Amino acid sequence: MDNPKASTLASAGKFLGPFLPAVVVFLVAMVWGTLASPFFLDIPVLLLHSGRYMEIGLLALAMTLVIIHGDIDLSVASNLAFSAAMLGLVYESGASIAVASVAAIAVGTTLGLFNGFLVTVVGLPSLVVTLGTLALYRGMAQIALGDQAVTGYPDGFVGADQNLVFELIPLPLTVFIVMAVLIGFLAHRTTFGFVSLMLGKNQVATMFSGLQPKMNRLIAFALSGAMAGFAAVLITARLGSTRSNLALGFELLVVTIVVLGGTDIFGGKGTIGGTVLALFAVIAVREALAIQNVNGQIQDAVIGLILVLTIAVPVAVSRLFGRVKVSRRKALLGLEKGTTQ
Amino acid sequence: MTVSLRCEGVSKWFGESKVLDSVDFSVEPGEIHALLGENGAGKSTLMKICSGLYRPDRGFVEVEGQKQAFGSVMDAQASGVALIHQEPRLFPDLNVMENIWIDFRGKSRGFSLKSVEKQTQDYLDELGCGVNLRERMADISVADQQLIDVASALRKDLKVLIVDEPTASLTPLEVDRLFAVLRRLKKQGVAIVFIGHRLSEILEISDRMTVLRDGQVVGSIRADQTTEDELASMMVGRNIDVADSEPYVSRGSKVLEVHNLSATGKFRDVSLEVGSGEIVGVGGLVGSGRSELLEAIFGVRKKSSGAVFINGVRIGNVLGSIKAGSGLVPEDRGRNGLVLKATLVENIILPSLRTLSLFGVRRRKRELALAEKMISELRVRTSSFGLEAGALSGGNQQKLSLAKWLAHDLNLLLIDEPTRGVDIGSKSEIHTLIRKLAARGVGVLVVSSDMRELLSLPHRILVMREGELVGSLPASEATEETVIKLASGVKVA
Amino acid sequence: MKRMKLGTKSPRSKFFALGASALVAVGLVGCATDASDSTDSAPAEPTTDSAEVLEIVYIPKNLGNPYFDNIVAGLQEAAPELNMTVEVVGPAQAGATDQIQYIDAAIQQQVDAILISPNDADALVPSLKRAMDAGIVVISVNSDMSAEGRDLAILPVDFTTLGDFLVELTAEVTDGAGDFAVLSATSTAPDQNVWIEGMRDVLAGGAYPDLNLVDVVYGDDAPDKSTNETNALLTRYPDLAAIVAPTTVGVAAAAQVLSASPLKGQVQVTGLGTPNEMRQYIKDGTVKAVALWDPKAQGILAAHLAAALINGTFTATPGASINVPGVGDRVVNDDTQVITGPPVTFTAENIDDFDF
Amino acid sequence: MRASMREGRSLARNLARFRDVGIGGIVVAVAIAFGAVNPLFFRPENLFAILLAVGIIVVLAVGQMLVIISRQIDLSIGSTLGVAAMVTAMVGRDFPDVPTIVLVAVAVGVGALLGAFNGFLVVGAKIPAIIATLGTLAIYRGLVFIVSNNIQVNPSEVPSGVTALARVSSVGIPPIVLIGVGVVLAGWYFTRKTMTGLRLYAVGSNPEAATARGLSPLKFQFWVFVVMGALAGLGGLLYIARYSTVNPADVGSGFELQVISAVVIGGTNIFGGSGSVVGVLMGVFLVGILANGLTVIGVSGFWQSAAYGAIIIIAVVVDTLVRRQMSSGGRKEKGELDG
């Protein structure tokens, strides 16, 4: 039996592979931004601006876990809006900002559980369920706040996103990094994360090994809801006011970031690290375009183009050079997909 | 009179294992030629080559004298060869008419489903299939689906009809109806290849028989010149190269007790016991409910009544049975047994996650150590641990699915077709493994359609037929004839 | 599965050819008509030497809105002689939080002044405060916001009197009697809400006893939503006398619905609309009169005020006054706001004299 | 034992056949409810407004149904419609005397081109449909801005031939509605009466079996996107006729949610293989009546999107229960695996 260590080089290649697109996009964007304007490469400012994206970052962390199972949650942005509305109403009814924040996270988690219930217990496809709750939760937020806004949050809370940790890292970025480490630990170091990955690869075979799929998928949806609640707290601190049209269209950007990070949309493959890298790649692209006064829609188009190329380029490359490489590798291993009935 | 279908010197390899070894086989028009052999003998592969699904590595296939280079199933169909699968692959959302006429290639002007409705109804009446043309395919029984598959083949001037294991899930009534159809097609000059297991059925329907064993033609005889016993022995072959297990010495304790277990539509009122260190074999034909029995005992299939005890502990669900130390190696390795897209290590540690982790946190070193131990102990040949299970050969995959259960303290091993699609080398390794487990006191319940394996490996053999336990005999008294007769329902002499 | 039969080309390569041609065509369409990737910056180069060129950024409510394009025209007309460059950037949707990204980018580029038409009176305050702390002049254009978020506000018309003016305009077209409804922009737009409050106060004052406001609906400055809301109003209130839309998008949508409906002429449409957009409906009699002001003048005024504030020749305190060529003298009122000028009413007679 | 199984199944089969009629029933019930609350709901002008709105959505819904039947989805239809509408409106503005039929060709052509690009991404570059069209949703929206250089096309610049499409024509029915009816009939004819239509269902119902029967799923998956693009282009032209203002930011935005909801409510199985034009038409009417009815009875717009979401979930729950009961055990797992 040949020595397994000889293959670590191959597995290292495999390890870096999924992160390549995100890293390339990040570097290209940083270089492009620096060339485009002298004001761009100002790390403290860039870090400050990244605070705006940390709500999307939190949503992307939980969405990675949901997609690893082979599910999807399109309702995260509407969930965020309704949780923020609850935060505002609870605060207005006299509760402290801390109680209101906890209420927002609790509400978010409950909405996430409702998604999970419909998908795992009733057995509906997650794409259609969360398409429904995307509209349902946004409507609930609109009913809760109507055309009014909730303002008058305490000073310490509003603008909290401006304080720096160790004079460099803005608070929201720190919160995001902490959550990324926690969810990363859950996804890659615990049995829960391992089972999620295996369920994504083959749910029946994993069940035959004695592991229950319902509980794992339900927890993933609940976590996605909790992150929406948490993000609601962040956005309220950043804006200092709450309206029902918050976070419109966030869900599409979140899915783009998760897929850019190397997670397979059909489940079974994906890392939190990849998602974090992809988030910073998207921030770099946005900042590089913003410094050149490129308006919002063109920025979204560039991100959409990057998403499409992330998947198309490897396929094209493997198709062009693959023909030789693949056939030789197969001959080497003497493998041919046999029909083992 | 030219031969309808001829294979000459056809050979085929899958990875290292040679599945077909220069096979010659031919069928005349108006003849029913049966193809026999145990599982893994290469029957289905040969027929897949004739029906254009695979290309032969060596040799060629001729239809009515013309050499065929089948690029695709469509070319085979164009040349008049049709294959009816055991589970016909049809379109559940479409109705009967649509399923039959979906690949209509003629000029489409003037053609509409209405215009051929009468013609289709005649086909079906002729085939004795009383199905309403508007019914959705999802609502139709397997027996009727087969006839519809035949009807869609009849539409294109059919020369050769290959029927693969058609009677497996049919009731006797439906088998008679199918045979009537085959006889009618025979009269119309269609050459028919019948792949089957039930010797009595084969003798009843076919004119000539060819027996395949380990990819080679063992013999070709006319139906009226042979008997079931001769056929059985040809299938099994004299030199049983599998060593017999030593007689079972009871250790008193019962590892598995099953009391009148049943699952609607699959099996009824099964009671059995497996002692510690005892290997109990379960014989029977495809579709007799053996796999479903194992799944119900293990807990992944709902049981409608009855009880299962492992080491005296009553089992409720799969979690309970695994905690009680049981493990299932299912029949379909690719779909249920292993996660093909996951690595070797991931597959091995999957059932033992709880023991390998601390408060839910994985301990990578401990996992790697266990995996290394299992891979070396079961001699799984692999270039690296990072390799995906799907890239392994059949034999290594089976060892892997055993390894994952041996990784945690096993009391009861449920194993379904242990050596199907496995190369000869791995076959004996797996048998010695199972015997070593039994020696350590593990109870083994093994389902097998490989006659030699069934007769030699277990201490005691049970036989199931159409969902019922019909016989139990110690290995010493069992012979292939008695087992085959019990399995196929022929009155025991 | 072996390669497809050699005879026919494999289907996948056919798609490559077909798809590749589509890709090229899409690319061509894209760049053939692509002027510049962002809205064009100041066309004329500033006349004086570039040492102290004033860099200002204008962030409209959303891009593609013709009303704000006219303000930009005013800014760009005044820019050269003020030795100023104007960058126009903004979101596509008039969302509350979408403008923040552009404020931050402007701060990062250390521009001299930020002019903004806010989508939300409160959400932008934190980031605009950061801009002011960074020494950047912040002017709210075309509508106001909470005072601590800007140095000065430029209003197209005196908001406090616009309510009267709109009611007066409604009375004019409905001969002073009947129910009328208001079709507004987004529910969060600060200018709309101020004007509607103004209208409510006037009606409460009893000056127009027979006129009553029955409903306020929101078209979100989107043509299709405004059209749906107009249809709903016509159905809910069959004997509605008029629909008043204090937003150019709303009044155009309402007019378009009425011009194609049997109720044309019976249900009046009025409000704030640009001549170019409303000319067709005034000519075909669907609309008797609409009012607005010349946004370009507001643009010129904004440019001059920005330059003056940057150069320190003017301080944004109540009572201060400034003379702007082509617009005249303007005084800062007590709420540190500057009024561009009186609204202009466009009717069939005078609509052709205006082109914006 | 076998006989009892057969009765169970026949009951389920009738349920499926009545599914389309079922939605029709709900549509009528909802309409009557709105009418009861505010009789003015049934005024000709209001029904006229509903027909206009439904006219555009149904054109897109028929296309989306075909895409979903082939086991795919197209999220980019809103932006595709946007690009087609903008290009056509600009052509109309710069060449006022060009005949309307040319404008129709431009709109459908641009749409088909964008659809072909989607098809190329999915079939050629092997990108899953949901991801490819999520990408082109943003790319095409950016294209609308680039093509129009952020300049809006105003009502006065839209050729009268186009706006006439939304006016009450000599026949008494606006051409938009006639075009909508035409697309529905074409969709019905294609899916029910042609062999190609039947093969589309087959490819969606069981791709492996389809390949074994000599059909090419790839070919279908590609052409379905081209047809969807063309219909979205046609939708773009109808958008210009109805709203006559083509703003780069608004044109077509949010259409994809409305259309996919209508198709799902209309009983099209999200996993492919089944769906009926009649069901989709009912789904579109339900969405149209809801959007209009809620505003007419004075429920503030805020309740609208909540009602939307609730209806989608209820429709999917009912659909799954019917489907599960019909094939007793469902297509996915064989037998009753205790999972």
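The chains carry the letters A, B, C and D, assigned in the order they are written, with residues numbered from 1 in each.
The criterion applied here is as follows: a residue touches a chain if its C-beta (ideal position, glycine included) is under 8 Å from a C-beta of that chain, and two chains touch if they have at least 3 such contacts.
Because the structure is predicted, anything quoted here is derived from the model rather than measured.
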{"item": "More contacts between chains, A-D or B-D", "value": "A-D"}
{"item": "Furthest chain, CA centroid comparison against chain B", "value": "C"}
{"item": "Inter-chain centre distance, chain B versus chain D - centres from mean C-alpha coordinates, in Å", "value": "45"}
{"item": "Chain centre separation in whole Å, for chain D relative to chain A (CA means)", "value": "29"}
{"item": "Gap in Å, rounded to a whole number, between the CA centres of chain D and chain C", "value": "33"}
{"item": "Chain B-chain C separation of Cα centroids, rounded to whole Å", "value": "73"}
{"item": "Of all residues in chain C, the ones touching two or more other chains", "value": "37, 39, 63, 92-93, 218"}
{"item": "Multi-partner residues of chain B (at least 2 other chains)", "value": "72, 300, 318"}
{"item": "Shared interface positions of chain A, touching two or more other chains", "value": "146, 204, 207, 295, 297-298"}
{"item": "Chain C-facing residues of chain A, complex", "value": "37, 39-40, 42, 45, 48-49, 52, 146-147, 149, 151, 158-159, 162, 235, 238-241, 243, 245-248, 286-287, 290-298"}
{"item": "Touching residues (chain side chain A, partner chain B) in the complex", "value": "1-2, 4, 6-7, 10-11, 14, 189-192, 194-195, 197-198, 201-202, 204-212, 268, 333-336, 338-341"}
{"item": "List of chain C residues in touch with chain A within their complex", "value": "37-39, 41, 57, 63, 87, 89-93, 95-98, 100-102, 104-105, 107-110, 120, 122-123, 125-126, 130, 186-188, 218"}
{"item": "Touch list for chain A against partner chain D, complex", "value": "118, 122-125, 127-129, 131-140, 142-143, 146, 203-204, 207, 213-214, 244, 252, 255-256, 259, 265-266, 295, 297-298, 300-305, 307-308, 311-312, 315-316"}
{"item": "Residue ranges of chain D touching chain C (in the complex, touch as defined)", "value": "38, 40-41, 43, 45-46, 49, 53, 87, 110, 113-114, 116-117, 119-121, 123-125, 141, 143, 145-152, 154-156, 163, 166-168, 216, 218-219, 222, 239, 242-245, 247-250, 253, 291-292, 295-296, 298, 301"}
